[in-house]
Amino acid sequence: SLFLSAQDRFIVLASTTSTDNSGLFAHLLPRFTADTGIDVRMVARGTGQAIKMAEAGDADVLLVHHRPSEEAFVAAGFGVARHDLMYNDFVLIGPRNDPAGVRAIDNAGQAFARILEDNALFVSRGDDSGTHKKELAIWAEADLDPVSHSGTWYRETGSGMGASLNAAAAMGAYILADRATWMAFRNKGDLELLFEGDPSLFNPYGVILVSPVRHPHVRASDGQAFIDWLLSPTGQDTIADFAIDGQQLFFPYADQS
Amino acid sequence: MFSTSILPCQVKSLSYHVEGRTLIDDLTFDLVAGSRTLVLGPNGAGKSLTLRLLHGLLPPSGGTIDWADPNKPQQHQTPQKRRAPQNHQPPQNHQVSQKHQIPQKYQAMVFQRPVMLRRTAAANLDYALSLTQEGDRAGRRRRRDWVLAQTGLTQLAERPARLLSIGEQQRLALARAWALEPQVLFLDEPTASLDPGATRQVEAIIQAIHASGTKIVMTTHDLGQAHRLADEIIFLHQGHLVERQSCDAFFTNPQSAAAAAFLKGELLW
Amino acid sequence: MQNELTVSSTRLAIMNDIGQAFLTAFKLIAGWDRDLAEIIGLSLQVSLIALAVAAAIGLPLGAAVALLRFPGRRALAVLLSALMGLPPVVVGLIVYLMLSRAGPLGVLGLLFTPTAMIIAQCLLITPIIAALTRQIVLDLWSDYREQLTSLGCGPARAIPTLLWDARTALVTVILAGFGRATAEVGAVMIVGGNIDHVTRVMTTAIALETSRGDLTLALALGVVLMALSLTINGAAFLCRDWADRGQGRLAS
Amino acid sequence: MQNELTVSSTRLAIMNDIGQAFLTAFKLIAGWDRDLAEIIGLSLQVSLIALAVAAAIGLPLGAAVALLRFPGRRALAVLLSALMGLPPVVVGLIVYLMLSRAGPLGVLGLLFTPTAMIIAQCLLITPIIAALTRQIVLDLWSDYREQLTSLGCGPARAIPTLLWDARTALVTVILAGFGRATAEVGAVMIVGGNIDHVTRVMTTAIALETSRGDLTLALALGVVLMALSLTINGAAFLCRDWADRGQGRLAS
Amino acid sequence: MFSTSILPCQVKSLSYHVEGRTLIDDLTFDLVAGSRTLVLGPNGAGKSLTLRLLHGLLPPSGGTIDWADPNKPQQHQTPQKRRAPQNHQPPQNHQVSQKHQIPQKYQAMVFQRPVMLRRTAAANLDYALSLTQEGDRAGRRRRRDWVLAQTGLTQLAERPARLLSIGEQQRLALARAWALEPQVLFLDEPTASLDPGATRQVEAIIQAIHASGTKIVMTTHDLGQAHRLADEIIFLHQGHLVERQSCDAFFTNPQSAAAAAFLKGELLW
């Protein structure tokens, strides 16, 4: 298995740590392989790095969750087309005793404002990932500037979702996470889900085939087969089937046109 | 000079094996205070091994080396006072006396190939003195300077010891051992690399050390030197003690054919 | 009071994590699951091949820098020494850029294969082996230089001689390289991609479990890796002792 | 044709990445921005303190394992050697569990502070320094054993003597430890948290830029780190040469 | 035996400094084929340094060592044939002749402290032979076994060389140098650690090597040995060439006070 034989039928999928950490791919990929005989090699990266990787032609399919970047990717000619795939949502996690009292609040911006007022510890991904960009968008919408407090109560860990959750657990800090990673996360310690359900926390995932025009070596037909399968009723049902502790984590979102 | 002494030393059935080869075989003799013992024998006879065994650097494969207890007031050891043998069997092969672990603090040795630390000649002496002699830095420095002067190394004191010529290193090794004022001084061919004048002077130093009460156990291939310095001769050949005699008797009337040939320079390889 | 109690019981629980990790490690080994075997196998395969290549380059390179006199020799020695501090992530990036489809070696399609991981580990440990070898060979050369030169053995010819005569010490150097290779995660993560069943090795699996928050499993995998490492080091020590019997070391 | 052209121009772009990285590195250093200075300062501080502590423990420990005879001495030697392969992530996890608020040392509040990073790096490099020291001291001891024993210097007393006389070779050992400390990212990431302005060091910054996809900046930071490393290694070589003048090495 | 020779060798104003200290000062002499040159002098006189300079192991700080070119057909070198001096200044301090780099392949040396590789005695010889003598493994093995037998080491051939006794190592070093069949053989106190019988036999070997046409350059502190072996004597003292004479003249009628004192063993440190 050392020098991989070329006859193996496989594609390389670039995706994000949050999707991987949730365990979705472990649920999804074997079924696809069973259906089609195509192996999927999933490489989990920060959103920025995953996109960069696809731009270089090192992946056949890109599956991330930051719509503006995805659209820019397609517009630049690196991708064939972006398809809505599924969604879940972001949730605000924090210490069980909720020092800033965000549990009682029903708006994400206000919840963030309470944290800032309280100078309660807050862990930011700080890595330009989809999650990080969403967090920054919430601060911006509420007209708040936490970054000037960086290093005090606002702590940019510059690492993946799991690593940041580990840090938050050890510090007893608030953190914005995607629901799937949070549900699958095992080192919750003192942390609890404190805030959810604001429409602004909507988190859509898109899937894109890397352009075979730009990168002729791209395994376009197998890649397209994967995308087609994901968007098909079978694929969408399989996504909907994925649950942790009986709770569904991703919701099918393909436009069935 | 010493309130108590580690002498006499009883060596009994001493042997040393390496990988099934017997290098030292069943040596029995004793070392008594006051005399100069010269160990002679051809190359590879086992002289250096014997000295290292006596000095406690190698654990014997069999037999015992019993030094007197220096903490007991000195008394002449009669056979009755020695540990009564349990039976008439020779000692078990690997039964090693506790006492061979006698601290080197009563002994010193000049090796056939002296090892110098990576420091100056003077610092090599300082190091040795700091290990054995407590307190009194000034006294140690006096002693150091004195032995350096006696061995003609004052000019070379500040040179890195490992860069000295081989003869100079040999003199430094003698100075180092001498500075420690041991009760027993082992000398393994101490003049092999010395010029004729230095050899004469080192012989005089050995005599002086002997006169001060130190037991001398020495090897040499210089038969004239052996004759000049020895009180008794232990002649080794192929790991065996072939002969042990007073000096004059050995040189005039060797008992064994090997010793006779050796003295004539006719013991061929 | 109430708080104190909760905290100290949690504290106990965390200490348990480590005990639990050993238990899990033991279960993992005892259960000997196919996936684990695959990961261990790949780890060993990648690190041992990388080590072999790095030793084949690093040992003679280190000896050459110690012995040969050429312009820039001292600069090269400093460089090798500094490269011992090459961050794995940087090595990973460089190899990634080279092997990327858009990179100069992209056509080979080596990215995200074990071969890429071997290349990265090689780059990482070759300087370590070379720099340490240089020091050991230099020390031996100061003993041997005049004698070997006298025998007509120039510095170049002396390289194999000194490597052979320093073999005992060089085993430790090689074990240091092996340790670095097996412990390393940053570079193999980038160029291997931690793809399940393809490029997942012990360290990337540990990193993955850590990011999943399954610290017990991560630690357990760490324990398994250390057990492996202990076995290999123990074997290397035994081999060395066996090869050393009587060669030039005084019995004691 | 069209395709070929596109691909090869991307290829050029990637090769440029590396050239670009050097340019960016140069600009970073020339521009000498406060943030960068802060990160470099913290990197140096953490690694040098960790190195000092690790050397203070590792050098005598390695020498002791080489010289002293106690039960389990060989097992300890194998263990130290194996611990050279301790994965940083595992060390990070262990320190994390210890220092976590729920852990036994949680009350000290050290997690996510530079102190925690120092502890983790110490754990990582102490075995490396000890195992390499053991080998070097062992080799010297085989020369010195009989002479020192004869002078009445037991193995314990010989430890400082041998460390001093082997100082030239030990500089390389210490540089190996320093390299590992500065290159390391897995452990400091976990226990330091890569918190901007608090615990962000060179390697965690590199990892961050990598995951952001800013490979040029990541590489540039790598170049800066290597420049730092080169400076320190060069300085160490000069110091050693200076201290070595004439001590026991034959002029050549 | 040799079609062409690297002799004679012209040594001119040879000097060697270390850190401002002059260890060898302005030696001028020549080495001609056919005679045995003994370098005598007290410890630290610079004998070993001189041999190492001649053997090309150390770069001179000043002066030149010119060996004849072995690739040119031999011709007696008259002063006219030598390189005409550019001016009458002595050579610049660091002007080192290219020719001192004469390959060691025509020379061999027995060091005062021989270094043995970490292999068996026989493998040490094999190694040396494989470096210099091309092809013909069987011939090399024959030569090896022959020198081992001649130096009485056949029994010890399979022992690790570094574990041999010092005297045995010295014989092995001689065997190793001899096996190479050099044109010039440097011997630095080759019998210092040998027993009387071995010394006699090694002297006979040296005579035989000399008789086979090899130039002998040797140091010793054994004046009797020097007298037996020397054709000419070079006497060094404190880095200076004090005297160069034929053997008999030197021993019967030394010109310098230092040499006279040295011979009487009265040159004190």
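By letter and in written order, the chains are A, B, C, D and E; residue numbering begins at 1 in each of them.
Assume contacts are C-beta pairs under 8 Å (C-beta built on N, C-alpha and C of every residue); 3 or more make two chains touch, one makes a residue touch a chain.
Since the structure is predicted, the reported quantities are computational estimates derived from the model, not experimental observations.
Asks: Using direct touches as single steps, what is the fewest number of steps from chain C over to chain D?
Replies: Between chain C and chain D, the shortest chain-hopping route counts 1.
Asks: State which chains count as neighbours of chain D and simultaneously of chain E.
Replies: The shared contacts of chain D and chain E, listed by label, come to B, C.
Asks: Based on C-beta pairs in contact, work out which chain pair has the most and send it over.
Replies: C-D
Asks: Could you give the separation in Å between the centres of chain A and chain D, each centre being the mean of its C-alpha atoms?
Replies: 34
Asks: Between chain B and chain E, what's the gap in Å when you average each chain's C-alpha atoms?
Replies: Distance between chain centres, rounded to whole Å: 33 Å.
Asks: If you average the Cα atoms of chain A and of chain B to get two centres, how far apart are those centres in Å?
Replies: 80
Asks: Just give me the whole-number Å value for how far the CA centre of chain B lies from that of chain C.
Replies: Those two chain centres are 49 Å apart.
Asks: What are the residue numbers in chain B that touch two or more other chains?
Replies: 18, 163
Asks: Where in chain A do residues touch two or more of the other chains?
Replies: Each of 53, 56-57, 160, 163, 166, 169, 215 in chain A touches at least two other chains.
Asks: What parts of chain C, by residue number, touch at least two of the other chains?
Replies: 100, 102-103, 106, 146, 210, 215, 246, 250, 252
Asks: Which stretch or stretches of chain C touch chain D in the complex?
Replies: 7, 10-11, 13-15, 17-18, 74, 77-79, 81-90, 92-94, 96-97, 100, 102-104, 106, 128, 131-132, 134-136, 139, 142, 145-146, 168-169, 172-173, 175-176, 178-186, 190, 202-203, 206-207, 210, 215, 218-219, 222, 225-226, 229-230, 232-234, 236-237, 249-250, 252
Asks: Write out the stretch or stretches of chain D touching chain B in their complex.
Replies: Touching chain B from chain D are residues 143-144, 146-147, 149-153, 157, 161, 164-165, 246-248, 250.
Asks: Could you please specify the touching residues of chain E with respect to chain B in the complex?
Replies: The contact residues of chain E facing chain B are 18, 41-44, 48, 112-113, 151-153, 156, 163-168, 171, 189, 192-201, 221, 223, 261-263, 265-269.
Asks: Given the complex with chain C, which residues does chain A contribute to the contact?
Replies: Against chain C, chain A makes touches at 1-4, 6, 12, 17, 20-21, 23, 26, 41-44, 53, 56-58, 160-163, 165-166, 169, 184-188, 215, 217.
Asks: Under the touch definition given earlier, write down the residues of chain C that touch chain A in their complex.
Replies: Residue positions touching the partner: 42, 45, 49, 100-103, 106, 109, 111-115, 193-196, 198, 208, 210-216.
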